[in-house]
Every structure is written in C-alpha cells, then in structure tokens.
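Next come two complexes, and both contain subunit A; in the first it sits with subunit B, in the second with subunit C.
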Partner chain A sequence: MASTEWFQADRYRAKEGLGVWEHKGKAAIAGLGNSPTTRRWDGDLSTSLGAWTMLAAQRALDDAGITKDEIDGVISCPQGMGDEWGAERGYFPAPYDSEDGLSGVSAHWLVKNMGLENVKTTYHAPGCMSTALVAGAEVVGSGEAKTILVVRGTGNMPGRYHQTPGDTVGGPQQWTNPWGWQLIPQIAFGFDQYCRKYGSNHDRMAPFILNQRRNGSMFPEGFYYQNRPDDLNLTVDDYLASRWICKPMNMNDCDLPIQTAGAFLITTGERARQMKKKPVYILNHVQQRGVVRSSVETLAETEEFSTSIANKCFEGSGLTAAEVDVFNPYDGFTLFTQSFLEGFGWHGVKHGEAHDFYGDDIRVEGSHPFSSSGGNNGNGRTRWWGFYDSVQQLRGEAGDRQVQVKAETAIAGAFTPQVSDWLVLGTSPD
Partner chain B sequence: MKVLISFDVDGCLENGDPPGPITLDMVRKAQAKGAIIGSCSDRAPSAQRTLWDRAGIVYDFVTPKYGLPEIMEKFPADKYIHTGDRNLDEQFAKAAGFDFYWENEGAEEPWLQYLDE
Partner chain C sequence: MPKMSPVPDDVSKGFWDACNEGRLVVQSCNSCSWLQHPPRPECYSCGSADMGWREMNGRGKIHGYCVMHDSRIRALQEHQPFIIAVIELEDAPEIKMFSHLPGTPVDDNVPVGDAVAVWFEETKGSDQKVAEWKVIG
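Then we have the complex of A and B:
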C-alpha cells in the first residue's frame, strides 16, 4: 500500500434536505487514544508525529480492548497543522526519511509502520481530524470497512509558526494577502461586526475563556494540564491585558499550536457492543463548506453558515436543539464560537445572546455545561478535543469534567462556521 | 550603575517551556548585584508571578510583551536590557529603547559588565 486516495467529495453530507442519515446508528466510536503533548517537536524520533500517531492508535486499540489484527481500515488527515520539517534540516533513517511521519502522517505510513496487515481500505481527508472522522463515519456506516482507525498528528516544529516568507502570491489570495486579509483579521472583523450589531464588547468574552481553561484543568490528555498548568489559572485581568493579535482578537483568543497525535476507533454498532467500552453511536455526520460572496465574509454569511450546520445536524440525526446534551463546537479562535452556540440554539441561546450566556453558569457542574472539553483554548490546538470529550461524556468517563446534566447525546465539530465537519453522537443508535 | 533586566520566559529561562539557557541562579546573581529583575512574556502575568514565586525569587515586575515602555517609566535605571528567543522580543525591546540579547547571548550574562562597574 504505497499511496492513499482522498475520500470522495460526494460522500460528505454537505447539503440540507438530505433527510435522516441512512446509516444512522450503524457506526460507533469504540476507542480513544491520544499521545502525550508538547509545545514543539525537539527532533527526538520517539516523539515524532509518526511515533506519537502509532502510540495514539495503540491506545485507541487498548481502549477498545482489541488487537491491530481487527483493523481493516485507516483514515488519516495526512497533513499536520504546523510547518514542514524541511529537507534542509536533514531527514532520518526510514521510516523518517521524508516529511511523512515527521510533519504529517499518511494512512499508508501508519499501515506499514504499525504492521496493520488486514487493512484493505484507506482514505485521506483534508484539513482536520473532523473531516477524517466524518469520512470514517461514512466508511463504517456504509459497510465499506468494519473497524477502522481515524488518526491525525498536529505537528509543531522548532521555530516560528507559519511564517510566509514569499513576496509574491497567486490565485485568489492575490486579492487578499497583499493587504493582510487572512483568517485572523477575518475572524476579528467578524467578531467586531457581531459586537456592533448586538451591542456587546470583547471584555464579555472573559467568562468563556476562563471557563475553557478551567475545563482544561480537568482534562488530563490536554497540553496545559500536562505542561503548563499555571496557564490554566488565567484571570480576568490576565485576559484583558493579553497582547492584541488583531484587535479585537488577543493572544488568549487563539489556541496554542502543539505537538501531539490522536486516534479514534470506529466500528460497527454491533461489534462495538462486544468491545470493552460503552459504544458511542454516530447518529449523523455533516460537512459545511460555505461560499462567501466576496473576499470578506459578512456577519450575515457567518450566521447563515452556522444555521445551516445546525439544520443539517438536526435533520440527519432526527434530534432537535433541545435534545442535545453535550455541545463541543470549535473554539480555536474563540471569537467565532458564539456563532455556533447561537446557530444551534443550544439551551435556547438566540442571535446576540451568547455573551449573556457566557456570563451565566457554564461550568461542567452547572446547568449549562457549554464546551465541556475546555476546547482547544483550554487544551492546545488539535481540533479534536471536542470529539474526544463528547465520547468521554457519553461514556460517563470524563472524570472531574463529567457534566452533571443528562449526557446521552452530543454534537462536536471543527473548524470555522464556513469550513467545518461535525458528528452527532448518542448513547443509543436510535 | 543601575541595571534593569527583563527576561522572556519560554525558551529563555530554565523554567520556561521549553527550558531556556538562562538559569535561575544567573537571575539570582544579577539580583544580588543590584539589578532590577522581572519577566516580560506572552505567558499571563499570573503565570509569570507563579513561576517566580515557585523559584523563590522576589521579582520586581512582570509584564506582557508590550509592557516594556511602562516598566521603563516605572523603574528609573541607567541601563535597560531585555533577553528573549524570538524576533518579537527583539522588536518590542528595541521599540522600547531596551538593549536586546538573544537567549544564548543572555546565558553569557552580558549584564555583569555593567553590574560590576
């Protein structure tokens, strides 16, 4: 197995009006695994993305109580989130003789180096673990494979993150990059528009940020828990004094790039019931790829995208907003998270009400345990903590983070309102 | 000569993440020779205070990276030094009128030449 194809675009559930997912409840998440975390890779091959992806995969197998012989499929988001190691630094002996295994991990790299001899199906999914997870849901739900690993390594190399040294640019970015219009200013602009429309301000984000850190302090797999627990004691003054990145976005609105790897084991509902842990059934999967009408995404478009995500999640799963117990939308830039909260109408939150909601009791012990994972703000950038926490919550295995409200259904997703992928989960397949 | 030394944390001080080459003993030594010492980092001020407290060092200031001008205003000195491991440290230091040393240069304790005067 020398290469892997991209998962077919027409198999993502990206449109409204598709009805209940035909494979609802046929697939389940039965295993979770995460490697340790660190801020940056130090060049030690034992902590490379490849090594840590294998470790995460093995942990997911152990969590499910099965051996690698049972794995017949692997889906990977093959690119890391960080920069390439680069040939100029020099590669290593095989299997670390290219970028594969260092700055990203392909499905075929994992199959070969983990000795997954019974794998017959592999796919790649671009951009996020979330995309790989929705592909995994479809692969198992449709019967194409029975028991699969879905993996991703983040990757964060020594040195500065995502510098853009080139002085030329082509394609659509020629219209935006020369004046600095990229994702960060777009998100900051969107938040500013939100505050102007609904009469709010950036200071009112503080309760949400502090609660994310608090939830992170109860997430042993997370980066801050393992490496920088002091950063979890963030105060309101700390948050308000944080350096502006692109006003009104400050440093503590941004998730921290880290080095780690994660794995989810998805199998059939029937097989999951025979495995070690309580099955968490996949009730629907959703993709959002919004089309922005110009080079600037307007607040109206952001709200339209979030509403569409929610509509698709509800329609395909048969759930209503009131039936969603655990809600873990992405928070990598915290300034768009309110869009998900309001788009889904979780706990009755309507447009413009998110900041009031943040000021209420959103602790995991409370009646509105929003983002019980602590998200990527509370655990470092992976974009999969929300899925991980949702499974743990539905299993009743979230430890100190376990919500005190009913935990029978969950929704998690990443990345932005415009571009994201989502799973609807439940303790029952129906 | 009154010298103020500002230390970045991560990648600079030994108790940073990642650990840097400047040891806490170097900090203690500078302080014992009369330097005003503190940290200037993107780590939250509360986290900076905790790091100093855990090290048993009575710091004079902690500040976000953009806070060096305010530190200069608050603490009169003859020499202002910031040491860090990122271009951003250099940018903020120079903009505030601080001398800047990279973390590996800081590990050579260049401030001693002024403190010994």
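Then we have the complex of A and C:
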C-alpha cells in the first residue's frame, strides 16, 4: 500500500436540507486509545508520532477487545498541527526516513508499520481528527468497510510554532500578512465584535476557562493532568493577568501545542454490540465550510455558520437542542466557543447570553455540564478531547468527570465556526 | 510601519498596480457588477471570468480591531504591540480591508466607527505600495 486518497469531498454532509442521515445508527464507536502526552518531541523515536499513533491504535483495539486482524480500514488525518521535523535536522532509519511518522502519520504508514494485513480501505482527511471521524462514520455507515481505525498524530517540534519570516509574500497571504492578519487576529477581532454587540467583556470568560482546567484535572489522558497539574489550578487573577497575545485574546485563551496521538475504533452497530464496551452509535456527521464575503469573517457570518452547523446536526440526527445531553464544542481558542453554545441553543442559551451562562453552574456535577472534556484548554492541543469525552460520558466511563445529568446523547466538533466537522452520538441507534 | 511586500499575481496585479498609482480599486464583475475583495479568478456571485476593477472614493470607517502583541510575522514583531483594524469601505460596506491605523494610539480607545481615508504606503521588500488608512474623525 503505497499511498492513500483524500476522502471524497461529496461524501461529507455539508449542506442543510439533506434530511436524516441515511446511515443513522449503523456505525458505532467501540474503541478509544490515546498515547501519552508531552510538550515537545525530543527526537527519541519511541515517542515519535509514528510510535505513539501505533500505541494509540493498539489501545483502541484493546479497548474494543479485538485484534488487529479484524481491521479492514484506516482513516488518518496525515499531518500534525505543528511544524515539520525538517530534512536539515536529518531523518532516521526506516520507517522514520521522511516526515511521515515524525510530523504526521499517514494511513499507509500505520498499515505497514502496524502490520494491518487485512486493510482494504484507506483514506486521508485534511486538517483535523474531526474530519477523519466524520469520514470514518460515512465509510462504516455506508458499508464500505466494517471495522476501522481513525487516527491522528499531532506533534510539537522544538522551537517557536509557525513563525513567518521574509519581507515579501505571495498567494492568499498577500492580502493578510502585510498587516499581520491571521487566525488569531480574526478570532480576537470576532470576540471584540461580540462583546461590543452584546455588552460583554473579556473578564467574563474567566469562569469558563477555570472550568475547562477543572475538567482537565479529571482527565487522566490529558497533557496537564500528566505533565503540569499545577497549571490546572489557574485562578481568576492568574487568567486576567496572563499576557496578551492579541488583545482581547490572552495566553490562557490559547491551547498549548503538545505531542500526542489518538485513535478511535469505528465498527458497525451490529459488531459493536459484540465487543467489550458499550456501543456509542453515530447518529449523524456534519461538515461546515463557510465562505466569507470579504477579507474577514464578520460576527454576522460567524453566527450564521454556527447556526448552520446546529441545523445540520439536528436535521441529520433527528434530535432537538433540548435532547442533547453532553455538549463538547471546540475551544482551541476559547474566544469562539460561545458562538457554538449560542448557535446550538444548548440549554436554551441565546445570542449574547453565553457569558451569563459561563457564570452559572457549568461544573460536571451541576445541571449545565458544558464542555465536560475540558477541551484543548484543559488538556492540550489535539482537537479530539471533545469526541473522546463524549464517548466516555455515554459509556458512563468518564470517572470523576462523569456528568450527573442524563448522558444518552452527545455532540462534539472541531474546529472553528467557519471550518469544522461534527458527530452526533447516542447510546441508542434510533 | 514597515510591512511585508505583496507579490502580485495574475489575479491581484490590477489591485496592486492601482496602489502604486495612488488609486484604490476593488475587483468588479463585468457581467453582474458584483464587487469582491480579495480578488478571485471568477466572480463569486455569477461565476463569470470577465472581471474588471472599480475605483473607490478612498473613504471608509473602522469596523473593528484587535491589538497584536505576539505576531507570527517576523517583519512586524519589532513593532509590537500594534493595531490591526478592519476597515469598511464607504462605497461598498461589504468590502473589508486592513489597517495599522498609523498615528492612532495603541490602547483600548481605538475609535470604532470613526471615518478613515486611504493613503498608499511603501513596503519593506520591494517597490510595491499597499493601501493604508488614517483616522480623519
């Protein structure tokens, strides 16, 4: 197996009006696996993304109680979110003789090096574990494959992240880089627009941030739990005093780049019922790729995108907002999470009300256990903690994080209101 | 503030050439009159590839802003913190451009909603000028 195709664009559920997903409840998540976490890769091949993706995949197999012989498909998001290792630093003996396995892990790399001899279907999905998960839902739901691994290794190399050198710029960045406009300014600007429209301010984010860290303190797979537990004791004063990255976004609104790998095992509902863990059925998958009118995403566009995501999640699953028990929208930059909360209207939250909601009881023990995973903010940058936690919550295996409200349905997604992919999950296939 | 120099391509050349001539233009569809910025090979509204340029009056207002303290853009890092404002064009409010608002204090009181006027600033890496904006009250 030499290469892998991108998952076909027309198989993502990206439009409103598609009705209930034709494969609703036919696929289920039956295994979870995560490698250890570390802040940066130190060049030790035993903690490379390749090695850790194989470890995560094996853990997902063990969680489901099956062997690798049963795997007939692999879907990977093949590039991590960090910078490349780079040939100038020198590669290693095979299978670490290229970027594949170091700064990202392709599906065929995993198949070859894990010895997955019965795999007939592989795909790549761009940008996010969430994209690979929705592709996996469709692959199994449609019957193209029966039991698959969905994986991503995402790493963090030595040095500063994504620096942009040079005095000239072409391509799409010719319109943005001269002014320093990139994703972070977009989100900071969007948050400022939100606060101006609804009369809020950055200080009102503190209860949400602290709760994300608190949830991270109960997530043994997470980076902070494993490596920096003191950072989970963040106080309001700490949060408000942290340095500005792009005002009104401060350092603690940003997730911490880490090195880790995750794996989800998806199989048919029928087969899942025979495996070790309680099946978590996939009731719908959704993609959002919003198009902005001009150089920036306006607040009106952000709200339009989030509403569309919610409409698609509800339409394809048949659920209503009131029927969503566990809600894990993305928080990699915390300053856009309120848009998801309001777009979905979870627990009745309307536009402009998210920061009031953050000040209510959003603890996992409480009646509004928002973002029970703790997200990237509480666990380090992966973009999959929300999916991981949702499965654990629906299994009743979230440990100290287990919500005390009913946990029969869940929605999780990443990444932004403009560009994201979502799963609707349930303990029942119906 | 010295900026990276845009490198024009076939689609963007008309915009950047106009900047060098002291004119602000926005790409316009010759079939349906749709305005779009940044420019694209085709009209986003009707799909036509027959695209031209419409000159703007050079006035706008501050739609919003943020203040960058830790940019990835190395060319700008020595000037931190700096304002990145979003400018809404008077002739076409749906079109947005960026500005560092030279002359405006970098604090929490950037005058959102105030009027701005375009000027054309030299850049760091070439002779290419870019559209910049100053508050006029």
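Keep in mind that, in the parts below, the second predicted complex is superposed on the first by the 428 of 430 C-alpha atoms of A that agree within 3 Å, B and C clash if a C-alpha of one lies under 4 Å from a C-alpha of the other, contacts with A are read in each partner's own complex, and residues count from 1 in each chain.
Keep this in mind: contacts are C-beta pairs under 8 Å (C-beta built on N, C-alpha and C of every residue); 3 or more make two chains touch, one makes a residue touch a chain.
Note that the coordinates shown come from a computational prediction; the quantities given were computed from them, not determined experimentally.
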item: Partner chain(s) touched by A:T235 [first = subunit B, second = subunit C, both, neither]; value: first
item: Of subunit B and subunit C, the chain that contacts the larger number of subunit A residues; value: C
item: Touching partner for A:N118 - first (subunit B), second (subunit C), both, neither; value: neither
item: Subunit B versus subunit C as contact partner of A:N201, first or second or both or neither; value: neither
item: First, second, both or neither for A:R243, with subunit B first and subunit C second; value: both
item: Touched partner set for A:Q8, first subunit B, second subunit C, both or neither; value: neither
item: Which superposed partner A:R39 touches (first subunit B, second subunit C, both, neither); value: first
item: Partner chain(s) touched by A:S367 [first = subunit B, second = subunit C, both, neither]; value: neither
item: Partner chain in contact with A:V296 - subunit B first, subunit C second, else both or neither; value: second
item: Overlap of the subunit B and subunit C footprints on subunit A, listed as residue numbers; value: 243
item: Subunit B contact footprint on subunit A (complex, rising order); value: 39-40, 42, 160, 227-228, 230-231, 233-235, 237-239, 241-243, 251-252
item: Sites on subunit B touched by subunit A in the complex; value: 10, 17-18, 42-47, 50-51, 64-66, 86-87
item: Residues of subunit C that touch subunit A when the two form their complex; value: 3-9, 12, 36-38, 44, 63-76, 81-82, 84, 86, 94-100, 112, 123-126, 130
item: Of subunit A, residues touching subunit C in the complex; value: 162-172, 174-182, 184-185, 188-189, 192-193, 196, 243-249, 291, 293-296, 298
